[in-house]
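This is the structure I want to talk about, given as structure tokens.
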Amino acid sequence: MRHAKRVFRSRSAKEGLPPGTLVHIGETRTAAPQVSLFEYGEWGVREQTFDTTDSRLPPHRADAVTWVDVEGVHQVETIRSLGECHNLHPLVLEDIVSTVQRPKVEDYDDYLFVVVRMLLPLEQGDFAAEQVSMVLGKGYLFTFQEGIRGDAFEAVRERIRTAKGKIRGMGADYLAYTLLDAIIDRYFTVLEGFGERLTTIEEDVALHPQPRVLVQLNELKKEAIYLRKAVWPLREVLSFLERDDTDLISDTTRIYLRDVHDHTVQAIDTVETYRDLLAGMLDLYLSSLSNRTNEIMKFLTVIGTIFMPLTFIVGLYGMNFRHMPELEWPYGYYLVLLIMALLSLAMVVYFRRRRWL
Amino acid sequence: MRHAKRVFRSRSAKEGLPPGTLVHIGETRTAAPQVSLFEYGEWGVREQTFDTTDSRLPPHRADAVTWVDVEGVHQVETIRSLGECHNLHPLVLEDIVSTVQRPKVEDYDDYLFVVVRMLLPLEQGDFAAEQVSMVLGKGYLFTFQEGIRGDAFEAVRERIRTAKGKIRGMGADYLAYTLLDAIIDRYFTVLEGFGERLTTIEEDVALHPQPRVLVQLNELKKEAIYLRKAVWPLREVLSFLERDDTDLISDTTRIYLRDVHDHTVQAIDTVETYRDLLAGMLDLYLSSLSNRTNEIMKFLTVIGTIFMPLTFIVGLYGMNFRHMPELEWPYGYYLVLLIMALLSLAMVVYFRRRRWL
Amino acid sequence: MRHAKRVFRSRSAKEGLPPGTLVHIGETRTAAPQVSLFEYGEWGVREQTFDTTDSRLPPHRADAVTWVDVEGVHQVETIRSLGECHNLHPLVLEDIVSTVQRPKVEDYDDYLFVVVRMLLPLEQGDFAAEQVSMVLGKGYLFTFQEGIRGDAFEAVRERIRTAKGKIRGMGADYLAYTLLDAIIDRYFTVLEGFGERLTTIEEDVALHPQPRVLVQLNELKKEAIYLRKAVWPLREVLSFLERDDTDLISDTTRIYLRDVHDHTVQAIDTVETYRDLLAGMLDLYLSSLSNRTNEIMKFLTVIGTIFMPLTFIVGLYGMNFRHMPELEWPYGYYLVLLIMALLSLAMVVYFRRRRWL
Amino acid sequence: MRHAKRVFRSRSAKEGLPPGTLVHIGETRTAAPQVSLFEYGEWGVREQTFDTTDSRLPPHRADAVTWVDVEGVHQVETIRSLGECHNLHPLVLEDIVSTVQRPKVEDYDDYLFVVVRMLLPLEQGDFAAEQVSMVLGKGYLFTFQEGIRGDAFEAVRERIRTAKGKIRGMGADYLAYTLLDAIIDRYFTVLEGFGERLTTIEEDVALHPQPRVLVQLNELKKEAIYLRKAVWPLREVLSFLERDDTDLISDTTRIYLRDVHDHTVQAIDTVETYRDLLAGMLDLYLSSLSNRTNEIMKFLTVIGTIFMPLTFIVGLYGMNFRHMPELEWPYGYYLVLLIMALLSLAMVVYFRRRRWL
Amino acid sequence: MRHAKRVFRSRSAKEGLPPGTLVHIGETRTAAPQVSLFEYGEWGVREQTFDTTDSRLPPHRADAVTWVDVEGVHQVETIRSLGECHNLHPLVLEDIVSTVQRPKVEDYDDYLFVVVRMLLPLEQGDFAAEQVSMVLGKGYLFTFQEGIRGDAFEAVRERIRTAKGKIRGMGADYLAYTLLDAIIDRYFTVLEGFGERLTTIEEDVALHPQPRVLVQLNELKKEAIYLRKAVWPLREVLSFLERDDTDLISDTTRIYLRDVHDHTVQAIDTVETYRDLLAGMLDLYLSSLSNRTNEIMKFLTVIGTIFMPLTFIVGLYGMNFRHMPELEWPYGYYLVLLIMALLSLAMVVYFRRRRWL
């Protein structure tokens, strides 16, 4: 994850502007924004795609659920015109285009406004995060995505088209649930990728505690912080949806939302477990390092302890005193060699006993 | 515990499927699922075993408690047909076959749905964990186990068969309590095994701080994280059962559930104590390691400090200057030997005083 | 404290047994259980002692407080017959004989069941812990102790006998308060002993960071964990007694219980302070150790840095080149000695400046 | 940030004085205090500036919002006379001039008293903090700033003057919201600057773990503590404003305040993330350092291990024994050279294998 | 602070005594206890001092506030007779003479009983702590101090005497507030002293990480623990006074108590900040130490790496082989000197590049 970039996504562009001023903050989708419209009910489904929203949306059918999905929030005009058409509060529009929101849910009486982060798995356990905003009203659902790397909703669209599952017989709240469920499912995919990277690195930590491993650990730690920031507030969002007494959500759907709530708690559990494991791995790294320093020190000490006395002895008989009787002995040299061999042997035995060798 | 495998048990197989789709997640029991049926009351007991559930379950007797125990949840068809027979919510069935649930309790008005983890002690303090789901209704209890390594319920079955204790005179809620109690009892067996491994390793930590010990510590730490994840949510489950005002649980049984709640709190206490002890042991390990590095350094320093001056002295008299009067002295050699002996002695005394020797 | 034994006191003996089965868990008192009976009121006091409970307890006098104190809970028959006589719930009896309970209070309408741990100071700041269970009913109080090392109640008994204080004029609830107060008072004695050991060790930590000290620190840490486990739940117990609306406790007594509650909070405070101090001492230990390693390294470096150049110089003039003019100089030897002396001096000055000497 | 100065800003000047005594605590603005007055409504705007407050403020117009902004709170007389004119509580005045208040909100029935800290970004990611106190009444808002480095309100003033946004049509509560929003916006600017410094230092931590970096890390850590102290209580302030049932704040404004509340939570999130990152960086620093010590040790050990045996060998053949046959061999010298070369080679190979080279 | 003494102030003297037995615990004031009496109202003030309380206190005037201040609580008889005169609960008297109470407030219907710790700044940033107990009734206030080092109330007495502020027109609750305010003000004086010591030591930590500094750090840490224990429960006390519905405290005074509550929260904030800073300083200390070990290691390695090869070379040409052609070369010696000079130079350059020099 390009984590650093995310955390520091500049908000300062907005300083000093009146509230409700629409300023896009975040990455920019290269393609033009695209609006797709689903209308469905027991009677069937109608699907339409627009490039801009100048073309007015068709009027709402009473017997249908209307799902307007906007991909790309960087053209504030698109958002503004859509928002004005449907009487959305200026602060809602402001939050939609500023893609650095904390996941949250807000009750505007006529509609609920939900912001969550969608995680998109990339290759090698990496992942990206995009903001998804939802406006859930009576019979309609608006979703706003950054739309840079695709979304997690394709399976849901397919289910609407093919009438698989019971989605066509349910209301807009059930659609919102289905989308949230799809988003949370992606969290698990991302978390599994993360877990695999963790397992990969763990072996290195214990056996090859190299600086490179430390950098990777630090990288994983930062990503875990990011995941945590994304998933914790989600719990509050789902508690609110599951428990609150807004009549925008039916009791049937609430049971399903309880299930998503449950998944969120599991995701949090997993993130926290990863954090614990990472903390343990850092301890392991430091301990392994200390162990290695220890080994190296032992090695040096053993070498030094064996050779310093020997070097002393050969130096001793290298002295030039006139009167050194040992030097004259016929077997003096061999005796000294023997003594040194025995000394070395004694030391090796000693170090073996102390388990330094 | 094959912890890593557990944590990462893939959920991604379910991505994109409509809610309520049954997908088995987890280890697979090799044998076919087996359904056993107990019907009992003051009048006696009737026990039956089926291999599949095609054979319809007999109709429910009003004066009996019916306990249907399903071992093996990997054949989703078995679960589906059973669930449809008894009007279980699709999400309940989904959770039963996905054996990565967090312990929880859900109230579906007609029945309570409880998921817990059953710990099964293996040899050498190791343990396995399997998911047990319970559906507690008026007069009946369904239990669903993974059924890979046996269960903790044999004693309960025996008690029903032999009418030991007062189980035959009580309702399905009391049966549910008895099973939960049996599950928690196993937790203590597992925790005792864990505690013994801790005691075993503790001595090594202080006396032989080797890399192997560190790896074992890390292993224990990961298992403690797992135990914690299993046992903490259990507390909420039991609080709910003990306190909530569902009429599926009688006041008499509530008193017993309070006892299980109590045991759960004790188990949590024990896990937390183990975590504290483990943290203490890691500190101890690092400190012991530092101590040893210290010892090694001292040793090297003592050796170096004794031999470097001596080597210098013998080198001094190995110089080839023409005019070195000491070399001519008749007792020069012995004098130097004496000086060196005294010097060594002085140093040994010095190091003794500094407690380095 | 024989902490480890406590933590791991086997509960597994009870696995598979029906609830309410009495199995003694814990240390065993060597003497036979002893039951002592106090009956007192404004009119005076009557005291009796039984060896077993076969002899029926005398009927309860309306104008008296009856205190039955059982020392020794290892003979489950004694407990069972007593319990059945007075209609105690099987779970209460089970908890009484299983001396590994967490401190708790339970309301059984007719009586309150309280379990606490009694700390008994041993010599040298050590301590033991025994379980005390209380059953407080209208006009009577049963207490059950392990009875291995005596108890903290002797002063209370004396007060009843001599009518000191106002105990004879008060109810059974006041007696329960008095006993709880006596138990908490012992906590402070134990905590003071613990504190003294802490003070003793603290000096060693800073000045003589030896492995032995580390082991002692670890021992204290484990005991602090144990104390914490004993004293924290006590707070809940006393909150319950002080606040709950059971009519077994009079308002007058509640004021006194508030005082005990207060003492408990103080005890918790003290335990937490000790934990903080212990954590600080471990940090201090590690820092002292690093400091010492540092000192040793400096010493070695100073020695090495002084002697390596000198050894090089004497080696230089030990070379056997035919043409080495210095060797022929009449004062060559003295010159070299002078140079080496100056060099050593310069280095000593240098290390002084760097504060390494 | 001159953090230390802030934390220790002396409060002791006030010791012993009766409550409500006005004593200025904090930095002193060099210029005289300046009072500016805005009156605005649908009808337009009137702006006035005073140097002192001797000149009475004009009477309040019923159809206008009156905003009195006082820059410089070091002349207590100004504050006192203003306060007495408008019946402000002495404790309110005391808090206004004592610029070490913790952010808070207090309900005085007729008015709300709000204290927050305004962060002002300086160059190089540094920042200053000043206290802003607000008194929000029916139709009027008083703001009191230290006024040393300018404020964050210029854009708001401009909006009032030019009737940009809907500010002119709203009440004093909306003005208060707008100012709070402007203050929080500055937090993000400061936090972004902080984040950039963090990123800058992070690379140094991993690659060049020098003492200087450590000092910078420590500096950042202290600033993070300061930011945390400023931003956490803000959350309570906004919760209070958003939720409380005072009729000084309209429902329309509450929705806007919810938005600011949201921003505050985001700011807290960011600060906490920075703290996590900083903690991670300190770990990284220490690990990098250990890594480097390790590298150095290896280097020394390799050098020592290669040269100590060689030095021993050359010393061996420097001995002066009369009978040393090797010395007489015609190719003895070359043989020894060869042996030493092979020995060195073997060691280099050995160290390569152990990855020490 | 003589912290250790405080923490371990023996409570065991009280073990086994009936509740309400007065036993003085704590330091003993050398002078006899002194009782001073203030009676004041709109009409004026009357001040009296007694040495003992045998002389009965004058009857309470209806139009006056009576403040009885007892300095010295070591003579339990004084306290007992005073307490009996005014119907104070035995537990209140017990707490007054036992000066190891945790700050708390208790409601005895007729009066409130408040215990707080008064911090008294000593020289050099040090401080002492004494217990102040207050009994606040309708129209009267009793205060009990240890009275060993004076108190914080002199300014209040002066204000009563001179009718400064509005104290003479207010009730006993306002007096209690004034005294609490005076006590909290002293906390800030003590905290500022503490902060200055922190600043002083911080520089040493980074630049001269010596054992002495570590001991000082540890000392500060223990004092911070003590401060924390004194100030945290104060918050609860003031919350209770500010919010509770006792009619002993008027609404006017409640607003003032809110202010003291606020100051307490600030004091807590400051203590927590100090704890954070201290934790940071310990990290800094350890890192600095590691840095220095690193430096020393580098130095040793550089010296060793330069001289070991040189020593080898000179040893080489000190060998006594008969056939060593180099020895015969006329410029052999100079050549070797040159080679060694180049070698040293190369190494210096190498170490420069690696930044070890």
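The chains carry the letters A, B, C, D and E, assigned in the order they are written, with residues numbered from 1 in each.
One rule holds for everything that comes next: contacts are C-beta pairs under 8 Å (C-beta built on N, C-alpha and C of every residue); 3 or more make two chains touch, one makes a residue touch a chain.
Predicted model, so just to flag it, every value in this text is computed and none were measured.
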Graph separation of subunit C and subunit D (steps between touching chains): 2
Rounded Å distance between subunit D and subunit E, as computed from the means of their C-alpha atoms: 26
Rounded Å distance between subunit A and subunit E, as computed from the means of their C-alpha atoms: 42
Subunit D, residues touching no fewer than two other chains: 286, 290, 293, 297, 300, 304, 308, 311, 315, 318-320, 324
Ring of chains, enumerated from subunit A in the sense that reaches subunit B first: A, B, C, E, D
Contact set on subunit B toward subunit A in their complex: 4, 7-8, 10-12, 14-21, 89, 91, 94-95, 100-102, 104, 106, 108, 210-211, 214-215, 218, 221-222, 225, 229, 282, 285-286, 289-290, 292-293, 296-297, 299-300, 303-304, 307-308, 310-311, 314-315, 317-320, 324, 326-333, 336
Interface residues, subunit B side, partner subunit C - complex: 154-155, 159, 164-167, 177-178, 181-182, 185-186, 188-189, 192, 195-196, 199, 206, 255-256, 258-259, 262, 265-266, 269-270, 273, 276-277, 280, 283-284, 286-288, 290-291, 293-294, 297-298, 300-301, 304-305, 308-309, 311-312, 315-316, 318-324, 356
